[in-house]
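Look at the two complexes coming up: chain A is in both, with chain B in one and chain C in the other.
Moving on to the complex of A and B:
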């Protein structure tokens, strides 16, 4: 199996002394769909941004990030060809990060900026082939009928699907998704996760951070759990039983990590009676 | 009616002593500033009453306005508008890159600090002063006016443009960066669409102000209606002066209304 993402000994401190990531190592093989779980502030976003080259690691460290066999950054220094490398990695953001006032089609076409000549990108002279590709990508996520609308006119779930289309126009072999469904309703969340799972079936490597563990169990074979910037679990999602999560995160935090309550989940560990799991009303 | 006060009256929030003191000091400073400036400004409010007859007589000399040369005034007013159009247009073109270079979220401090200082200088000096300098440099006529407006307006617009840039949302820019776009492409696709409505609004506003300024720069020889205004005042031709002023007021009012409408559409 070939390696798609290789992260070694990555540490990241922001201005405060607390480490956002400390000594994280992680390998993702081509074709895998891996979930990254953890509470807010556990370092999921930081790790994904580091892998995409949007954030630099700490300088005085032996940190290294390799993407598709090429070094993207080492010891807090981005590679010279970071732009070409970013182009091969699609990134989906929690807040979609579309340009509101521009049309859906133009937003999607921006996925081609990284691989067309610079002057074409500057003047907005996109290739016709890319325009067709953008329409196909929109069609794939079911948004082709909105091509001429401004991005701001779409709902959150629709914007996220356009953001996926933009990532597809990059023709990436890896997609990183940073809490892509955290701002969405359950129905939109399902559509977005289905779209990512479909891409994975066609061979795309997907690394997706999720706040809720049940999505990880349903969509991803493998889960990496972060806590306070440290990898605390890396293994099959099926082994992430409620008991296991309680052990990793503590009972109260663990119970907040489920989107959908289920009856077979053990509630006996919960010692705090004031925090009632949603299951009580289900 | 339902009685809502059947229990003890809740206490009103009190104004803190610290806040009251602050208000007192602030007002004290304002009053002291006005008092100190009285002498320097040679304030003589009584002159309004003692010289009232003079002023009334002076004002009466303006009426009725003399519109004999209206065609000529309108022709010169159009030249003034053309000065404002070119002065503003050149300033907008130059302010786009300079505005970006003044923004602290776009460039490092060693770029935005010096560029900002240059823009401060361009803004600090009035159009009139620039006009006098450019009259010496390029000779009498409208082109000196265009250059004067161009330099001063660049100073103003670059600052206003950069303020808009500093208030953008960074997330769409990051979204574009993630596709592998270059820094200039990030600006074109991520920044400019966000600031464009504000930039249009600021530019139209500056055009309005520049029509007013263009009438004034004419007075130092930079062409347009200002020259006519200055000459008629100097020649004590007050009915003609009144007619010129009416032409200016009508034009400025019309443009204000028009640009207000345009600015509404831009946003």
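Moving on to the complex of A and C:
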């Protein structure tokens, strides 16, 4: 099995004593879909940004981030070709993914800007192949019918799906998603997670941070749990029982990590990624 | 089945409309460089920076003091009268009167007052105070209105009483008034300096003298002192010192010109009366006089003013779009930004009239100097505002860099605000275009100035009124356009 992401002994301080990440090590294999959970402020975004090369780690000599077998940053120093390496990583943020005034198609096509000549970008002369790719990507997330609409006309969940399409046009090998379903209603959240799961089924490596553990259990075989910048759990999502979470986070915090009331909770993982609607039995 | 295509927005359509209009205007515009060796002259101007000289500038201090004193008195008077009018601004006739007074440029006011006050300080004082009163009245009224709204909110929600409104709200309002008045004071300094070009003893007078004699070392001394004066304004202009300054100013601007009642009454009873009526000719000959004036002067003047201003508007837009990245955090680090800021502040502080004057000397008479001057000055002003607006934008962290960032991330997000700022300046650009005629481009100001030179005040007054009406019309259209685009401007630009 080949390694997609390898994080070794990474710590990160933001101008304060408290570590946003402390001594985090993590390996994600190609084709995995891994959930990253933890309460607000536990360091999920920080870790994802470090992996994407958007943020430098502390300068400790042992700290290292490898992506697809190449070193992206080491000892707080970004690799020289970080921009090229970044192109292999598609990033989906919680908000501000799209440019409201532009069309959905153009927003999607922006994923190709990194690899086409500057002057083509300036004049908006995208390659036909990229246009096809963009339409395909929109199709994959079920958004092709909105291609000519302005991005501002989409709902939050639709915007996230277009963001996934944009990331795809970048032709990445890895997709990182930072709380893509926070502030979405359950139905939209399900569609966004379905889109990510579909990608994963076709072989994409996906690392997705989630505020709520139910989605991790439903969609990802493996979960990494962070608490105050420390990895407190890394293993099968199925073993994350409410009791286990209580032990990791304390009863009050743990109870806040569920999107749905406790009688809906299912601890079984759908192994083949065919997912039942989350709240169908509510 | 045909796919629905992307609906272009109003701002897109509108932008191309204005570009098309400007392109058509270019066909009619007189754009060329007529001087024999324009770049050598420009080179000589800049080499003046290397040998700054105050020789022959024995009245340097006097000039600067006059400039500041006129600005202080004019703006203060305007501010006081403006505040009083703001309280009754809901009266329709007050609003109409203010719009009319505002639409006549301070230079035109000065040209009128020169006719009967001569070089008496009242000329400069009123030329500044009248249009500034009208502007202050409008903006103060808007500030008060916003204050009233929040007062109503306080009362409606029962979260406070009237006295708490006064304690909470008045300091806030005062801050708005102060900020805006300080901004206008900066404009006042520029206006006051420019009045020198038509004969008042302010900076423009010394500048034009030094220019005429080709003493560029002196020109730069004057300009640099002027920039320093504006840049340091917030240090020397303290509200607590204002009374002292005002008293001193009265003494500074005072001269021994006497007001002549005969001149004044002759102006109103004789000079401004249309010649045919003055000479007791028939009504028919008055119509002849009027239609002559309209056809041979007003109409070409209006055409040229519109042609030049539409080109200048689009040129300002292009300038803005090129300049704002220089001061935006989205594109540059601290040091390059401060260089950008320096350039923009210089361009902003240099009145377009002065810029046009300099360029005209270098390039000779045509529309080109006026267009470049208007584009640089307004581009710097709007560029500063757009740059500041772009600093606040939030975009995804892996957003692209450089040209792609400009094109795909920043521009779509700032464009609406940019158009709002630009169309707010539209009326200002038209007003300035008319004025630049005094420098020799055949806009309305040219015909007004010529009429005054020929002591045909009756014609000048009619042409000034026509100019004012044109400005009012543009103001109305621009308000329509901004409403149609659904864009809003904030206080900082008004």
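The criterion applied here is as follows: the second predicted complex is superposed on the first by the 256 of 282 C-alpha atoms of A that agree within 3 Å, B and C clash if a C-alpha of one lies under 4 Å from a C-alpha of the other, contacts with A are read in each partner's own complex, and residues count from 1 in each chain.
Definition applied: contacts are C-beta pairs under 8 Å (C-beta built on N, C-alpha and C of every residue); 3 or more make two chains touch, one makes a residue touch a chain.
Predicted, not measured: the structure shown is a model, and the values here were computed from it.
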| item | value |
| --- | --- |
| Side-by-side fit of chain B and chain C on chain A, or clash | clash |
| First (chain B), second (chain C), both or neither touched by A:148 | second |
| Which of chain B and chain C A:62 touches, first, second, both or neither | neither |
| Partner chain in contact with A:52 - chain B first, chain C second, else both or neither | both |
| Which superposed partner A:97 touches (first chain B, second chain C, both, neither) | both |
| Touching partner for A:84 - first (chain B), second (chain C), both, neither | first |
| Chain B versus chain C as contact partner of A:241, first or second or both or neither | neither |
| Which partner reaches more residues of chain A (counting touched residues only), chain B or chain C | B |
| First (chain B), second (chain C), both or neither touched by A:111 | first |
| Contact residues common to both interfaces of chain A (with chain B and with chain C) | 52, 54, 86, 91, 93, 95-97, 99-102, 106, 110, 113-114, 118, 121-122 |
| Of all residues in chain A, those that touch chain C in their complex | 49, 52, 54, 86, 91, 93, 95-97, 99-103, 105-106, 110, 113-114, 118, 121-122, 147-150 |
| Of all residues in chain A, those that touch chain B in their complex | 52, 54, 83-91, 93, 95-102, 106, 110-115, 118, 121-122, 124, 163, 166-167, 170 |
| Chain B - residues contacting chain A, complex | 171-172, 174-182, 184-185, 188-190, 193-194, 196-197 |
| Chain C - residues contacting chain A, complex | 3-7, 9, 394-398, 400, 402-404, 407-409, 412-413, 415-416 |
